[in-house]
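Lettered A, B, C and D in written order, each chain numbered from 1.
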Amino acid sequence: MPADSDESTGRGPMTPVLYRVEARHQELADTVTIRIAPVTERLTDPEPGQFEMLLAFGVGEIPISISGLGDGGGELEHTIRSVGAVTKALCTSAVGDLIGVRGPYGVGWDLDRATGHDLLIVAGGLGLAPLRPAMLEALANRHRFGRLVLLVGARDPGSLMFVEELERWRGRFDIDVAVTVDAAPPSWRGDVGVVTKLLSRAPVNFGNTTAVVCGPEVMMRFVAAGLADRGVPPGQIRLSMERNMRCAIGHCGHCQLGPEFVCKDGPVFPWDRMEKLMLVRER
Amino acid sequence: MAMMLSLDAVAALVDHLRNDGRKVIGPVLRNATISLDEIDGVDDLPAGWTEHQDGGSYRLERLDRPELFGHATPALPWKSWLYPPRTMLMRANRDNGSVTIEKPTPGAEPFAFFGIRSCDVHALDILDRVFLDPADPTYTARREKLFVVAATCARPGGTCFCVSMGTGPAPSIGYDIALTELWAGDRHEFLARAATDRGRALLGRLEGRAPTEADLAAADHLVGNATQNMGRQLDPTHPTAAAERYEHPQWEAVARRCLACANCTMVCPTCFCSTTEDTTDLSGAVSERWRRWDSCFALDFSFLAGAPVRSSTKSRYRQWLLHKLVTWHDQFGTSGCVGCGRCITWCPVGIDLTAEMTALALDPGGPS
Amino acid sequence: MNSGAGSRPKLAVWKFASCDGCQLTLLDCEDELLEVAGRVEIAHFLEASSARLAGPYDLSLVEGSITTAHDVDRIQEVRAESKSLVTIGACSTAGGIQALRNFSDLDELLSVVYATPSFLSTLDTSTPISDHVPVDFELRGCPIDKRQLLEVIGAFLAGRKPNVPDHCVCVECKARGNPCVLVAHGTPCLGPVTHAGCGALCPAFNRGCYGCFGPMESPNVESLICALTEMGMPPEDVDRVFHTFNAWSEPFRHAGRREERP
Amino acid sequence: MTHKAKPSRTLATSELARVEGEGAMRVEIRHGRVDEVQLNIYEPPRFFEGFLRGRRYSEPPDITARICGICPVAYQMSACRAIEDALGLQVNGQLRELRRLLYCGEWIESHVLHIHFLHLPDFFGLDSAVDLAGINRPAVERALALKKIGNELIELIGGRAIHPINVRVGGFYKVPTRRELVAFRPKLEHAREMAAEVVELVGGLDFPELEVEHEMVALRHPREYAILDGRITSDGGLDITEQEYPEHFVEEHVEHSTALHSQIRARGTYLVGPLARYRLNSDRLTTVAADAAGAVGLTSDCRNPFRSIVVRAVETLDVIEVGLAIVDAYDEPDRPHLEATIGAGTGHGATEAPRGLLYHRYTLSDDGVIADAVIIPPTSQNQAAIEDDLARYVQANIGLDDEDLRKGAEVTIRNHDPCISCATHFLDLTVVRT
């Protein structure tokens, strides 16, 4: 019978909990990171790669990945690109505003299973946001992994996020960071081109690598295929998929991707479960 | 526990259910169909009516005797009572920077489903797998209190194929009481079997006699007949064969006919998809979230980053059929189809999933 | 449209060629009208008020189609004065019933109705507003549905997307618990190709949908015509049923035998 | 005399507010005398009569409803009756009663709208009902409640308040159950109370003096205050069937307007609408309505168009009372509609739209396709009378400054509730003084 964790708290699975916007940081012209903290009830701490449903009251509710965790007080960070009504409302929310939160949902990056492997993190555009907590976790447990490599692709230098952090990581001897952009002004000193180009240069032992990838679907497909070609076991290539989502608990049916519910079976999937599906158009 | 009931005893059965405070939902004549609605007593049942069902067509027909259950599946699915077309999820009141969230308490009136067929009972079992974990409050509250009086199908419809799906025609799971309508000449009786304590308790309150061997044989015979008379069939190996034929030309063929009207999903007893809508009052202080039935045939359903993922009708029909018959197994350990045939009958252009599946399975159809 | 205290958003209602029914829908919101009037400043709404406040307007509701040279200019002015412009009803979103002129010879029509047609100045087409200016949202229906109108106004005030789904009438029909009249009675019904919004009124009254909300998001008119023809509907009736209040919208325009005038 | 006549002054309003639809008005004053008044109707023509050719006999109820969103039922009723006349179909008994009940709903809705939203603000010098709510909120709330009941009645029988979907040649697609109608009774009772209060409210207003002399034309029925059917009668002795309408009325197309002017052959200008109806039929009012009219001093010889607001209120009360009687006597008909046998013929239908007589004529060919259609809405019929009123009003108030004169002139027009969109039109005021 119903084993509903929410039963104990008296909430339905679709009832949000109130969080307050604590801080707001403009990452890019259209992208904002908000830090939110529980007003009273506190949700379970999320794993890197999981997401939450954020509700802008009267506007709507959408899935947003965790882009960072606070320092133990139950704070959550979310990095949101304003593309429509709800994201706009969240991006323009002010410090002190209340939003509704449900979650955390889904399967995260599961770095535990990468212990002993080289760890390759590949981000395209906004995809860096859900990968940031993975990066932070890897850094916090640096000894558990072999090489740690971060490859970042962006449209142009101006649309790179978390620039200061990237700079800091770039300065560390125990991580390799490479950044490429699709188009760049002459002043740009980094790589130009799609992120797949960086793969061959990634200083990892492909046969013993776990790769976590997030970005637009095509980018993930090429990266995953490229990594598989180079010998990364398909089960160790993990992608974070995106689908329209209304409930995040497998009731609304929107996020189906073949046999998978992206909300509860994902959003992070190994490449061996995605490869065939991603080749089917309009799947 | 089994018992033979007269029509009066069946009437008393309905009365008891009502007197126990249940809303009794059953088949009724409505808008030239056998539909579903609340009934006040057996008199509301479509006695003496059956129907002819075929792809895209449904016509009522008269029977020459007043059978209560002489029809096949009703026009609409039972799911509406457990999973209403619209449900409020929450209401938020905003006032000066503070927000209070109200969660509606699911109005849990106890229901009884009266005369539900085995395929539709199996459909409830399938919905349970969707909505009981994690628990949807509305569904759970209503489902837990539901009393199920099933009826054995004597006259399967022209689009029925429960035998192929292993879901009928005789009720096998999920009922409190199952009735089999029997005629011996003019004698009109019902073989009632109870499968739960509350079913047995309720039968215990009725007058009746013990069934004879002949009664039981008659019931078996009726089931045997119905089994022989299925209007359609679906080869259980076909879905597996067709599972990965994503680019089969048959998808294009069906898409030329398919209206993407969503009737098939709306009438299907197991289709469960929904969407949410946020509404605000004019002051903006009160906002509500509603859930309403949605369909994989709606364009918006797969909207993502500027465009629907499944924009062609081909891909939407493919999603529906493959979900129903193939991926449902991966997700819920069962087929999503119980063979009730509604989607065939109620498709305005008569698209028949059994025929589509056969076409997909029999011909590899070029590269998949 | 954010409104601080004292600065209520300004609402304007404009009329072009139409029957007035869609703007009347606003006055038909009896329970909400005074609240609407409190939330927004009704700056221009000639059916309801003699007062005319100057623009710019936060939200303009536009009823009616463009049928005269003067209106071609007037809609430009309305657009220039409006932050958001929402067209309401089949006339403004599809040209309305008066777009039937687009299929026939105007002079002939004029002479049927008027003894001295030379007194009239009118264009030979009736076209939707979106043919002339950018439109922020189109609310369908002949007439529009009052719940949907309130929803659109509410959504604009709250800065959210209106909950006005583009799927077909059948979805509403089934949610309402109607058995399908097409299947069960053999009654021709345009529900499968018609935009939702009415709440599946006609099937609830044992009648086939006659398409007053215009085409749905992905109408398969060809397939429905096959089905209607099989049910025995003669081609001239197929033609008529698609050529009413949304005749000029694609793909109804090309349904049946009546082709677009070259 | 040192005082020189002002050469010319021009006042213009681009749209005349609070008439449904739009139009313009031009008044020329020469040497202190009204020289010419034109009610300019230049809303783009919509060619209904043209579109109807070639449609099936079953289509006009839906198509002609779209002529006017304020009185679609009137169009549907006149259309049905004209086509039924052509097909030789008689819709009687409970189906006729249901049609009347539907029509009552429209009268309530339309009259209450006109009284409170379009007309009453004038009497208080206000711009709108919303402003009126500022000084008398209960009256506006009552109006909204009453109007809502009218709309709900239309929805109950017609399916939708604007452009009902349930009306067809021969009757309805589906008829309401007795239970549904009886359940509506309490609302009508409440409406009756409210309507009586409205009669009191508008009966007590101050009315400018104005007497008009037009011949008054309205339907008359042997027993009822005619709405749906009857003979076309006038206080000038006219007493004809609807079929005889074309012999007695002519329409002409004047240059300044897209509305056609209608005239009684050889007699000229006439008036239709509440004043005319009341004048010809006040003896057919229900007791409740007659008493209420008596209490506010409304007599059947009333010729002051400003008092039409009182007539509307009395008529509102009357149709509510009529509606109650229909509900009480309702017995669900066996069939929702009569089947027509298709054949060639010409048919006429005249009913009383809230604004006055609405006449339709259809000629059908033997396959039931429309060969010819004629629709004469009340506004066309009243246009000459309205212009005449305007001339009188302006003449009588020539001393007022232009702004006041314009306001008064607008009110004069609104007395007749010209449903401009029936004639499909738009108004604008210009006063030229030379």
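Keep this in mind: a contact is a pair of C-beta atoms (placed from the backbone, for glycine too) under 8 Å apart; a residue touches a chain by one contact, two chains touch by 3 or more.
All figures in this text were calculated on a predicted structure; none of them were measured in a lab.
Asks: Could you tell me which chain's Cα centre is nearest to the average position of every protein Cα atom shown?
Replies: The most central chain, going by mean C-alpha position, is C.
Asks: For which pair of chains is the number of C-beta contacts greatest?
Replies: C-D
Asks: Quick one: chain A and chain D, Cα centre-to-centre, how many Å?
Replies: Once rounded, the distance between the two centres reads 65 Å.
Asks: Quick one: chain B and chain D, Cα centre-to-centre, how many Å?
Replies: Distance between chain centres: 51 Å.
Asks: In angstrom, rounded to a whole number, how far apart do the mean CA points of chain A and chain B lie?
Replies: Centre-to-centre distance between chain A and chain B: 39 Å.
Asks: Please report how many Å separate the Cα centroid of chain A from that of chain C, as a whole number.
Replies: About 43 Å separates the centre of chain A from that of chain C.
Asks: Residues touching two or more other chains, restricted to chain A: which are they?
Replies: 58-60
Asks: Give the residues of chain C touching no fewer than two other chains, as numbers and ranges.
Replies: Chain C, residues with two or more chain partners: 158, 160, 206.
Asks: Which residues of chain D are in contact with two or more other chains?
Replies: Expected reply: no residues.
Asks: On the basis of the stated criterion, which chains touch which? Give every pair.
Replies: The set of touching chain pairs is A-B, A-C, B-C, C-D.
Asks: Which part of chain A faces chain C closely enough to touch in the complex?
Replies: 58-60, 84-86, 88-89
Asks: Along chain D, where are the residues that touch chain C in the complex?
Replies: 15-18, 20-22, 43-51, 53, 55-56, 59, 62-63, 66-70, 72, 113, 117, 121, 127-131, 133, 137, 140-141, 144-145, 147-148, 151, 159-163, 165-166, 168, 172-174, 252-255, 258, 260, 336, 410, 421, 424
Asks: If we count contacts the way the header does, which residues on chain B are in touch with chain A in the complex?
Replies: Answer in residue numbers: 89-90, 92, 94, 97-99, 101, 103, 130-137, 140, 244, 246, 272-276, 278, 280, 284, 287, 289, 291, 294, 296, 301-305, 309-312, 314-315, 319, 323, 326-327, 330-331.
Asks: Taking the complex as given, what residues does chain B use to touch chain C?
Replies: 30-33, 35, 56-59, 75-76, 80, 85-86, 256-263, 266-267, 277-284, 287, 292-293, 295, 297-300, 313, 345-350
Asks: Which part of chain C faces chain B closely enough to touch in the complex?
Replies: Those residues of chain C that touch chain B are 32, 35-36, 39, 150-151, 153-155, 157-158, 160, 163, 165-168, 170-171, 174-186, 189, 191-193, 206, 217-220, 222-224, 226-227.
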